[in-house]
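Two complexes come next, and they have one chain in common, chain A, joined by chain B in the first and chain C in the second.
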Partner chain A sequence: MDGPAIEMRGLGHSYNGSPVLHNIDLTIERGEVFGFLGHNGAGKTTTVNILTTLITPTHGTALVNGYDVITDRRRVNAHIGYLPSEVRMYPHMTARENLTFFAELSGVESPNRAVAETLEYLDCSELADLRVGSFSTGMRQRIGIAQAIVHRPSVLFLDEPTAGLDPAGIRQLRRTILDLNADLGMTVFMNTHQLSEVSKVCTTIGVLNHGELIYKDSMEATMRRFPDEMSLEDIYVRMGGVPA
Partner chain B sequence: MIDTIASQQLLSMRRQRVFVVAMGLFVAMTAAAGALGWSSHQTIVRVYEQAVKLLAAQGQPAPPNPFLLKPELSLLSNMVVYIPLLGALLALLIGHMAISDDGPAGRLVFSRSVSRGDYALGKILGAGIALGLIMLTALAISLFSLVVVNHAVPGLAVLGRLVVFYGLSWLYVMVFALIGMGAALLSRRRSFSLLAALGVWLGFTFAIPQFTSGLRPTESLNPIIDPVGISQRFFEVTALARPISIAEQYKAASGQVLAIVPVESASSTLSHTLPIAVAAALLVAAVIALVRRHDFSRSSYED
Partner chain C sequence: MRTESRRRILAIAHHEMRAATRSGVLHALLGILIVATAGSVVIASAVYASRLADYQAYRAAAVAGGVTRIAPSPLAPLSLLRGAFEYIEIIGSVIAITLGYLAVSRERANKTLPLLLSRPVSAVELAAGSFIGALGVIATLAAASATVAVLSVGLIGHDWLNLTQVGKLFLAFIAAIVYMATFYSLGAYTAASSKAAANGLMVALGIWLIVVLLLPQIGDTLDADNQIPGGLFAALGLGHDGEVQILQHFATYETVRTSIEAASFAKHFERFAFAMTDVKERYRSLSFPDLLLQVRASIIWILIYAVTLPALMIRAFRKQPSIPQGANQ
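Coming up: the complex of A and B.
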């Protein structure tokens, strides 16, 4: 498939008349690991909700894999994986039952095989037959990623994936994201405010401030652009007035 | 897609203690209805046998066995009360759980290629299958009770009536499953939506019949005709709404199906069933419409 993985043009959204996202123009190429930075309430989750077709934007357009998120929802959904900030699946069902359900919803031809392969790929086969309700945050996150990739999407949306994880969990997640990008060629769109994670896994970053995209560039170019800064955190702080 | 959603719902539901307990209670009450029928039958028969002996000793002819004068399915008359009480309550719970359990996982479901129409139909199908299985269990228990009491397998006519009765009961309780779903879709607060659905159930089961039956509380609870007629003007007016009082319509129709109240005609039984079917159809449409407008992007239901 040609063209960018994600393309937004004049994208905006309002809740009850209050705008939360203003005219976002953003293109993310295939194979990128994109870090979407912003303070709480900046509009990151709203953007992901639009791109995963959970909500309809009030203006502008957004394409995922070339398909319009408003008019071609089902095709968009067929190509994406989504991990929400709070992973909540069916607690009375086992991990395997949950994953099989989501694989079937995605139209996977051999759901059982896909689930077994995904669990093995993520090295969490031991969780397969345990009920999700008994899982710790870290275990839930691993099974959450499994549900997001069980149908082998080409674009993966992660909303604050490190929230609530301990350092070991964060390290494991970082490795998983890099593997998914390298092994399966997935484009990753990651909402976060964990700056340390962004610098370690992302190839490109975008900064959202009060619903406006104020910066977008590659990680390399960002470091070059702010050579005097000590860390991404310093750059992020300085970016308050940097235009996109 | 519809069947995938329905089977997930059934799997998730049967693992939940609250559902298992409510279902167990309903099945136990069905068995109790049979046991009560059997017990009253035994009492009548024993009293009759003693009376026959006494009359024979006095050289008098014995009257016919009173039990034989009663309709064969009369021992299930308690079911006509249990279904609007426990069956409808269980259905309400099933409908509520079907939607509110998806509060947290709904975002994941709709990030897939799932149409909202398919989702709603899957949920309704899941509830329908669950209630169908429960009604089948109740049918089997009732059949067993009849075999125990009569020492014989019921004839086809009785069996047919029993099947129609549980089919009608399924339709009736589906109305409450749909009410449970609708309430869960209208409110994000799990406890509030359950309470609201319970309020509707109370209204349909107890409050509305008080007005539409012309203040005949006995009739609103039991499938018998109260001899006291409508005497007050207010209740004469409210009684006009009787056709839409589905609890009363259910009792009238099921009483006729079980032949425990005088059967007017087959069309009269159907006319009692029609308001229930219309209510169910309207609620299916309402649930589909509510699912279409529901915001599944919000993370979870609050308690």
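Coming up: the complex of A and C.
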């Protein structure tokens, strides 16, 4: 498929008349790992909710894989995977049952095989027959990623994926994101606070400040542009993402 | 229906059935219903067996005495199911409302609704799948009750049902399934329409209280025939025609009373189920087509409710926000 993975034009959203996103123009090419940075309430989750078709934007357009998130919702949903910030799933079901259910909903031809392959790919086959209700945060996160990729989407949305994870979990997640991007060619759109993760994983970053996109460039160009700064965090402060 | 859509609906239906079979609350409620219905049928069958033995003894004595014209048995084995259908009417509807509430609250509590709706699943498919899954649970329950009923009448009551009776029983249980499925839709509709699903459950139980308990009770209390035990008109020695003739003098009163009853979905189910199971004596001698003709008003009302509530449920599922508005920006 040609064209960018994600394209937003004049995208905006309001909650009860209060604007939270202002005319976002943003293009993310295929194969990118995009880090979407911003303070709490900046509008990152609202953006992901629009791109995953969970809410309808107040104005503007957004295309995922060339499909409009408003008028072509089903096609968008067939091509995306989504991991919300708080992964809960169905506690009364085993990991395998949860994944099989989501694979069936996504129209996967052989759900059982897809689940087994996904669990093996993520190296968590040992969790397959345990009930999700008994899982730790890290285990839930791994199964959450499995549900997001079980149907092999071309675009993966991760909303604060490192929240609540211990350092080992964060490292494992980082490796998973890089593998998904390299092995399966997935475009990754990641909302995060973790600047350290962005610098290690992302190829491109965007910074959202009070609903406005104030910066977007490749990671390489960003580091070149701010040569005097010690870290991405310092760069973020200079951009106005957080008070110094 | 397209194959992919059908597959998604069936996956959701299977999911719904699995959730229901693993719910402790539902286990408890189902247990109460099964014990109550089976218990009522078993006890009624034991009493029936004794009455049947009495009749057969009188019959044998009459034949031995040379009597050639012997009255047929006044016993109606299907009427043993009266208690079972009363329990379905009251407890079955609560179970169905709980099932509908759980279908909505489960997704909200587990925060899985966004995961579902980020898949190529429409709200209509979600509602249809949940409904079909619940229908599976309800139908299994009805089939189990029907089996216990037939076996109890045969094994304990010593009177096996004939084909016509089985057919009438089948229709009565189909009505029970439709009745409970309608209450399921009510539970799901009110829960999906409310910001807090528990508030929706309260609304549904409030409606249940009015429809299942209050309205039929008011109608029964105002019924002139119910004013003395055994029936006022029977005590006066009046048949159905005499009853009709007298009630013509109270036409407005009767219109108000029957309108109150007609507003109750539960009453229509009860009338239909009681007609099919020979609970009301006046229906016992009717042919099957005449029987259906007699209860056509109840059939129509049941169908109206059975179409309206699922339609409202689908509408509520479509309007239900995928995520709490403004919860997290």
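Everything below uses one rule, namely that the second predicted complex is superposed on the first by the 240 of 244 C-alpha atoms of A that agree within 3 Å, B and C clash if a C-alpha of one lies under 4 Å from a C-alpha of the other, contacts with A are read in each partner's own complex, and residues count from 1 in each chain.
By definition in this document, contacts are C-beta pairs under 8 Å (C-beta built on N, C-alpha and C of every residue); 3 or more make two chains touch, one makes a residue touch a chain.
Nothing here was measured: the structure is a model prediction, and the numbers come from that model.
Trainee: Should the pairing of chain B and chain C on chain A count as a clash or a fit in the superposition?
Mentor: Overlaying the two complexes on chain A (C-alpha atoms) leaves chain C and chain B clashing.
Trainee: Between chain C and chain B, which one touches more residues of chain A when both complexes sit on the common chain A?
Mentor: Between chain B and chain C, the winner on chain A residue contacts is C.
Trainee: I'd like to know which partner A:Val20 touches here: chain B for first, chain C for second, both or neither.
Mentor: second
Trainee: On the A-aligned overlay, A:His59 touches which partner chain: chain B = first, chain C = second, or both, or neither?
Mentor: neither
Trainee: Please indicate which partner A:Tyr90 is in contact with in the superposed arrangement: first for chain B, second for chain C, both, or neither.
Mentor: In the superposition, A:Tyr90 touches chain B and chain C alike.
Trainee: Figure out whether A:Gly41 sits in contact with chain B (first) or chain C (second), or with both, or with neither.
Mentor: A:Gly41 sits against chain C, while chain B stays out of touch.
Trainee: Quick check for you: in the superposed arrangement, does A:Ala78 touch first (chain B), second (chain C), both or neither?
Mentor: Both chain B and chain C are touched by A:Ala78.
Trainee: Please indicate which partner A:Glu104 is in contact with in the superposed arrangement: first for chain B, second for chain C, both, or neither.
Mentor: Touch partners of A:Glu104: chain B and chain C.
Trainee: Which holds for A:Gln147: it touches chain B only (first), chain C only (second), both, or neither?
Mentor: After superposition on chain A, A:Gln147 lies in contact with both partners, chain B and chain C.
Trainee: Select, from 61-69, 133-141 or 241-249, the region of chain C that bumps into chain B once both structures are placed on the shared chain.
Mentor: 133-141
Trainee: Could you pull out which residues of chain A sit against chain B in one structure and against chain C in the other?
Mentor: 49, 52-55, 74-75, 77-78, 80, 82, 84-86, 88-90, 92-93, 97, 101-102, 104-107, 147
Trainee: Can you list the residues on chain B that touch chain A in the complex?
Mentor: Residues in contact with chain A: 1, 4-5, 8, 11-12, 15-16, 101, 104-105, 107-115, 295-297, 299-300.
Trainee: Note which residues of chain A are touching chain B in the complex, please.
Mentor: 49, 52-55, 73-75, 77-78, 80-82, 84-86, 88-90, 92-93, 97, 101-102, 104-107, 131, 147
Trainee: Once bound in the complex, which stretches of chain C touch chain A?
Mentor: Chain C reaches chain A through residues 4, 7-8, 11-12, 15, 18-19, 22-23, 106, 110-112, 114-122, 321-323, 325-326, 328-329.
Trainee: Tell me, which parts of chain A touch chain C in their complex?
Mentor: Result: residues 15-16, 20, 40-46, 49, 52-55, 74-75, 77-78, 80, 82, 84-86, 88-93, 97, 101-102, 104-107, 147 of chain A touch chain C.
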